[in-house]
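Shared chain: chain A. Partners: chain B in the first complex, chain C in the second.
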Partner chain A sequence: MNAPNSFIFQAVVRLIFFLINIFAVYLLQRGHNWPGGGFIAGLATAISLILLSLGIGLKSLHRIMKIDPARIAFTGLTIAVLIGVAPVLFGHAFLEHFSVHFQSPILGEVHIGTALLFDSGVYLVVVGIAAKIIFVLAKSTQGLGGLVREEQRRYSSVRERPIEEDAPDEQMEPESRERKQ
Partner chain B sequence: MELSFYLYLAILTPLILSAVIALASPVLKEKSGWVALLSAIISVGSILMVAFKMELPGSVVVSTEWIPSLGINFSFLADGISLFFGLIVSVIGVLVIFYAIHYLDRGTRHARFYSSLLLFMAAMLGTVFSNNLILLFCFWELTGLASFLLIGFEFQDSSSRIGARQALLVTSSTGLLLLVGFIMVAQVSGSMEISELLTSGLPLEEHKGWLTAAMCLVVLGAFGKSAQFPFHFWLPNAMAAPTPVSAYLHSATMVKLGVFLCARVFPFFMELELWPQLLAIVAFGTMVIAAIFALLSHDLKAILAYSTISQLGFLIGYYGLGPVTGVEYDYLHILNHVFFKGSLFMVVGIVAHATGERDIRKLGGLMKRMPLVGITCLVAAATMAGFPGTTGFLSKEMMLKEIFDAMGSHGLLGLYATICVIVMSVVKVAFSARIFMNIFMGKEPDEIGHHYHAPSFALQVPPLILAACAFIGGVLPIIMEKAFALLTVPGINIAPGHLVIWHGFTPELVISTSMVIVGLVLYWVGQKTNWRWADIPKTFRFDFAFEYGLVAFSKATKLITSGLSSDRPMNYLPMIFAFLIGLFAFFFAQHFSSLDFLRVVEWKIDYLRAFVAALIALAVLGALILKRWTTQLISLSIAGFLTCFYFVLYQAPDLALTQILVEAVTLIMILLLLGRFPKSAERGEVSKRCTRTRQTFNTVAAVSMGVLMTLFVLMITVDPHPDPIGNKFLQQTVPLAEGSNAVNTVLVDFRGFDTMGEIAVLVIAMLGCLGLLLRYKRTEEEYKAGPMGPPGFGIDHREEGE
Partner chain C sequence: MNWTIAPTILPILTALICLVWGQPRRARRVLVAASATLQLAVALFLVVKTYGGEAFVVGLGNWSSGLGIILVIDLLSAIMIALSTLIALASIIYGYFEMSRKVEHPLRLPLVQFLVAGINLSFSTGDLFNLFVAFEIMLIASYALLTLEADDWDIKHAFPYFAINLVGSTLFICGAGMAYALFGSLNFAEISVRAAEMSADPRVLALALLFLVIFGIKAGLFPLYFWLPNSYPTLPAPLAALYAGMLTKVGVYVLLRFFGTVMPHDLHFAHQLLAWLAGATMLLAVIGAISRNFIRGILSFHILSQIGFMVLAIGFFTPLSIAASIFYIVHHIVVKASLFLIGGVALCLNRSDNLNRMGNLWRDFPFLGILFLCQALSLAGLPPLSGFWGKYLIVVAGLDQQAYVLVGISIIASVLTLFSMLKIWNAAFWHTSDEVTVASGDKRARPMTAVVAVLASISLFIGLGAELFFSISKKAAEQTLDQSRYIELVRSYPGKGTGDR
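Up next, the complex of A and B:
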């Protein structure tokens, strides 16, 4: 998607992006005690990313993000699994959570625990997957290859080709060329 | 240091270094082979330390809890047989890794190779040392997985992929049978620990039929892994792997797991009547068939693969006919095979590497070019054929002696075994001779000169060491005899009798000599006729049938899927609805009183809720009436957003939040997807309108379904559950999970394991989606129209005629 030629839209989207994400982090950290949590926060962040892609265009978003959203999802899963396994190494049950509560001058009563870390894993998984799938879909609906060359190798077998065997490769070229630079 | 430390060190070193090599591949690159070599040497050292620390013969159990409630533990058993197999795995591992370092070309992915190889080694060591049946199964399947990775190492070749798939499907599915067998054993004996089962024995008297079935399943698992008939077809195809892999996995170690398993369960099952029959008939039969196939093959690796199957057949059948006290010479036979087959595989690898040719008909006269390899091959082939002065001779003498004894104790079965062994030995002499003579002797074909490049000296060392072992063991059998006596395990084997090179003029020697002569004659006949008749009959190429079966399977599933037309809900939803409506209409007509609850329902109208409900109804109506699908979609999602109001009214803020966000993301996703459809469809044009009757039917079905669901909801709310589970969570959330939001504590704490499973599924689903999205399709016109944006965004949306 190219960016629309509207400065106002772009500026508003950039502002909203940060607001939504601040809200998402707020939702994530309060999840254990009040409405919120990793899944909801993840969806909120995914929506902010979609908005941003509408505002500034997919290509510039790619440039800004640098990280493949799929990697964010893998990181999230790894964190969640590690949080699950870690107590076993210390002789506790699988996925047992520990937390500390204390009073702090500014924030008031603070709860920090492994449950929050686990929830962060969920958050990252949801963000990564929603962003990845939507970006790929968005690109492919415009006749672009949803995935760049190296991703094609990563996510599908070597033998796999697009159904349109005669698909002009140039359509994918700009993407991969851009990546190399 | 403790014994347990060394035992864990032996198994964990390759496991950890496998991960390290995989992660550090950009740094290590071609050096990863040396890291792998170090790991294998550490394993050898640790296993030797275990052997020195414990009293031999004897056994030690090292155990750590895993899932004690199910009797599953990380429990390892060090006794003679596990030490013997452990040493074979690690020592051959050292040789093979050293060989591979010099064998693999620069361009190949070294880190990937050694990482899988070490993973395999760890899995093998885990399998042979495990004391727990479930643990054994886990490691057993891990070896299959690692072997899949190694066979498919050169995944660009279709033969590699097919071979890898066959090996994986055959060994892992038979592995599942093994699991069932183990569970059956555990059910009647009440224990999963092999050491406990060895002391207490199985209740064969009370549960004979049950245990016979368990035995069959376990033996089938062994047959699958050791490529016995009818699973013999996967091993030759697994030869698509690089030669070091073939030498390691498919001759010296992994395929021996079937033999190992038969040895492990020998004391449990040997007294069952079916044990000798099943093992001897299948395994000895495989032995003969595979030996004949080896003679009929022309590909060097195929010859060796079939001869491996043949030898495995002998080893398994040997345990089948073993006497109650335990077999005598199993270690000798196994070690002998490891020596000559490992060596031959490496020799074949060198030959194929140097000449670029694996067809035995196109080779010859290489003795002048590589004398050292030639001598190695001569010793190894002589060992295979059983010539005096090698371990092969000892093995063959003992084999004949014992098989003649079996004729006395097993009657007809013994006679069958004897005939099989004699035929196999004759054929084996012939193809042993063929391997050495047709590669290294005779005239050198012209093509070889063009391709030939000399192998490095280091590459020739590992096969030479193995061949030297076969020779030294054959001349000085006393060394082996001492070691075997130390490694005996009561119930499985007994200390072997005195091994000498010369037994005097015994009947075995006469038969052995005549077998060699007949074998050489067979070889001579083959040479005279130029091996024109040599071809494996199609009937026995089960791999073809297997591949056809796979194709047919996928066709059948496609047929079922299209038959169910799961991609067109309009085909099956009316049917399901009509059935449900009919069913309940009939039920309510029969039991009219069951509708009495409607009288108990409190009918009162809450105006706020009624207003929201009316809005939802309106939105749904909009979806029905509107023509363009973007508007339809938006009106449908308005209905979704309005549902959030209900969640808020019922005080479920978490649900409301989730609903809003999910609704938003779904809407965007569907809008993007709709962009893939042709423009005509977007405007609401349908290629085939449905008939008026069908329309009426659908309407009636939809409305009645709505009424039915309303009835259900009323029925449920009239009579709430007396003790809903939610209250428990509400009460326990603060004391147990230290959080006051019960929804969240259920997700991350009480049901945290479910959540973890769900996010794993999400990631897997994403990977699947990405693979599918690579296949995209549009019509030709749309291609010409160029890139187009998703409708409804107002961005980049190219109209027609532009």
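Up next, the complex of A and C:
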């Protein structure tokens, strides 16, 4: 999609992109004790990415991001799973979290724990998956390839269309119904 | 070390390593096979331990039952996990032989592992909302696998699967919300305590019926099964075996768990309804199977018909019939998966699984024919194969209840099953014709048949050692129906906040 030819829209989108992401970070850290957390923050960031793609166009966004959103999701999933598994190795329950609470000179009271790391993992998963789904759909409507090369389909099995369509069998040549291998 | 989480977390870790490793290569295949074997070993270990009366309980994040999510593995869960890991292993190995690394889709193995993780989590969870999450993991992986190699035509047939499961998920989350409003908890044990106190309340029955619909969609009960017979045949054989073996059985397991462990046992209306729906499912689905003319289509309809038998046994709702249902699940998963794999070998040899264009297989590959006969007759229920014992137990349980009509339907369905199996046998194996060629030079056929042979021998073992397997099923049924034991197990978990309930 090319960017719309409107300076006001582009300028506002760039501003809002940052505002939404600041709000997302707020939601992320709030999730420890109040409603919020990685999932909803990830959705907020994904929305900001969609807005940005409307403002500057998918091609430019792709140039800026450089990285396939699926990889972001993968990184997040790895972080989340490792944070979940790590306590098991030390004899604790799966997903058990630990936190410290202390006074620091500048920030005041600080309460920080492994739950935040786990939530960040969830955040990255949601951002990656939501962005990937939406970009694939958006690109496919514009004739751009939404999938990276490894994700293109390939046929691994000998397959034949297994379900009879309306046309009876005899009218079709067997060869024409066979798939390429 | 607590093993409860292992069946879920091992596949996830394997999938993550596969994703890092990107492209299909030999080392990656070996790693996944090794991990699948390890998962099977862990599952068998869990079966042995839980058969000895132990149970595995863990609270995620070490929270106690009123506060956090509890995972519980008792004998029934352990049996189901063992079956899912067994079928996953067979499907993975079969897939290796079926396709070379050059054509393997890089996302296939990770997605299979995510699917197994979702299935195992649904078997081990003790929390209604966590069950929803497990279903979502399983379903999203299954959507992706279903369309991984699909063209537009396949996607058209896969779409009903996607649509009906979205509806099911939506209903599920509504049902979970209502359950929380009604009982004040989503924990299975807590729900069963509170539901027992208010069993006269009509809302409990209404909620039970809502969940019957939700899990009925997953299991493929009449009249909610239309999505299955057209979508499963679009899958390649090894994946079809995994789907056919496990996915609908998750629905049956959840029905067992929900009506056996969670809900009060006096919901006679719901049980009656289950039994009659099951009767309708088995009869209509087997008629559907006869109408099809290609192997995967016939087998897909048979999944539904067999689901009918398991659910019928749940509907009778006696300790014997629950045990019969569990025995039937064990028998069915192995037989069904191996039949799909045999269909895959036949497809590979004849280059088609349309019965009009098949033939000569008995002449050229008699061993495959023997395997097929064993499994098909077992599915139909001929002694001494495993299916006979399953059906026999269900019929005995039904006669105890004087449900003569339902027993009659189940026997008619068995005869029709035999008929449609003979249809495959006649057309694909017995039929000789010069027009049909058998690709005898195809090197893949032999190792693929070997995988099937292993599954078939397991199935034969279930038939010949029915006594042993029935005693395991009986014990699993006792544990499933013993609500007070389940509640005690969950409540005694020493997590954080135990005293605050």
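Here is the rule we use: the second predicted complex is superposed on the first by the 143 of 181 C-alpha atoms of A that agree within 3 Å, B and C clash if a C-alpha of one lies under 4 Å from a C-alpha of the other, contacts with A are read in each partner's own complex, and residues count from 1 in each chain.
As a working rule, a residue touches a chain if its C-beta (ideal position, glycine included) is under 8 Å from a C-beta of that chain, and two chains touch if they have at least 3 such contacts.
Everything quoted here is computed from the prediction, not taken from an experiment.
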item	value
First, second, both or neither for A:122, with chain B first and chain C second	first
Broader residue contact with chain A after superposition on the shared chain, chain B or chain C	B
Which of chain B and chain C A:29 touches, first, second, both or neither	neither
Which superposed partner A:77 touches (first chain B, second chain C, both, neither)	both
Contacts of A:97 with chain B and chain C, given as first, second, both or neither	both
Which superposed partner A:85 touches (first chain B, second chain C, both, neither)	second
Partner chain in contact with A:48 - chain B first, chain C second, else both or neither	neither
Chain C-contacting residues of chain A that also contact chain B	74, 77, 81, 84, 94-95, 97, 151, 155-158, 160, 162-164
Of chain C, residues touching chain A in the complex	1-2, 5, 9, 12-13, 16, 19-20, 22-23, 58-62, 98-99, 103-108, 148-151, 153, 157, 230, 233-234, 236-237, 293-294, 296-297, 344, 347-348, 351-354, 356-357, 495
Of chain B, residues touching chain A in the complex	155-156, 653-654, 657-658, 661-662, 664-665, 668-669, 672-673, 675-676, 737-741, 743-745, 747-749, 752-753, 755-756, 759-760, 762-763, 765-767, 769-771, 773-778, 782-783, 786-790, 793-796
Chain A residues within the chain B interface of the complex	1-2, 4, 27, 31-40, 43-44, 46-47, 50, 54, 70, 73-74, 76-77, 80-81, 84, 94-95, 97, 99, 101, 111, 113, 115, 118-119, 121-122, 125-126, 128-130, 132-134, 136-138, 140-147, 151-152, 155-158, 160, 162-164, 171
Parts of chain A lying in touch with chain C, wherever the complex brings them together	74, 77-78, 81, 84-85, 88, 91-97, 150-151, 153-164, 169, 174, 178, 181
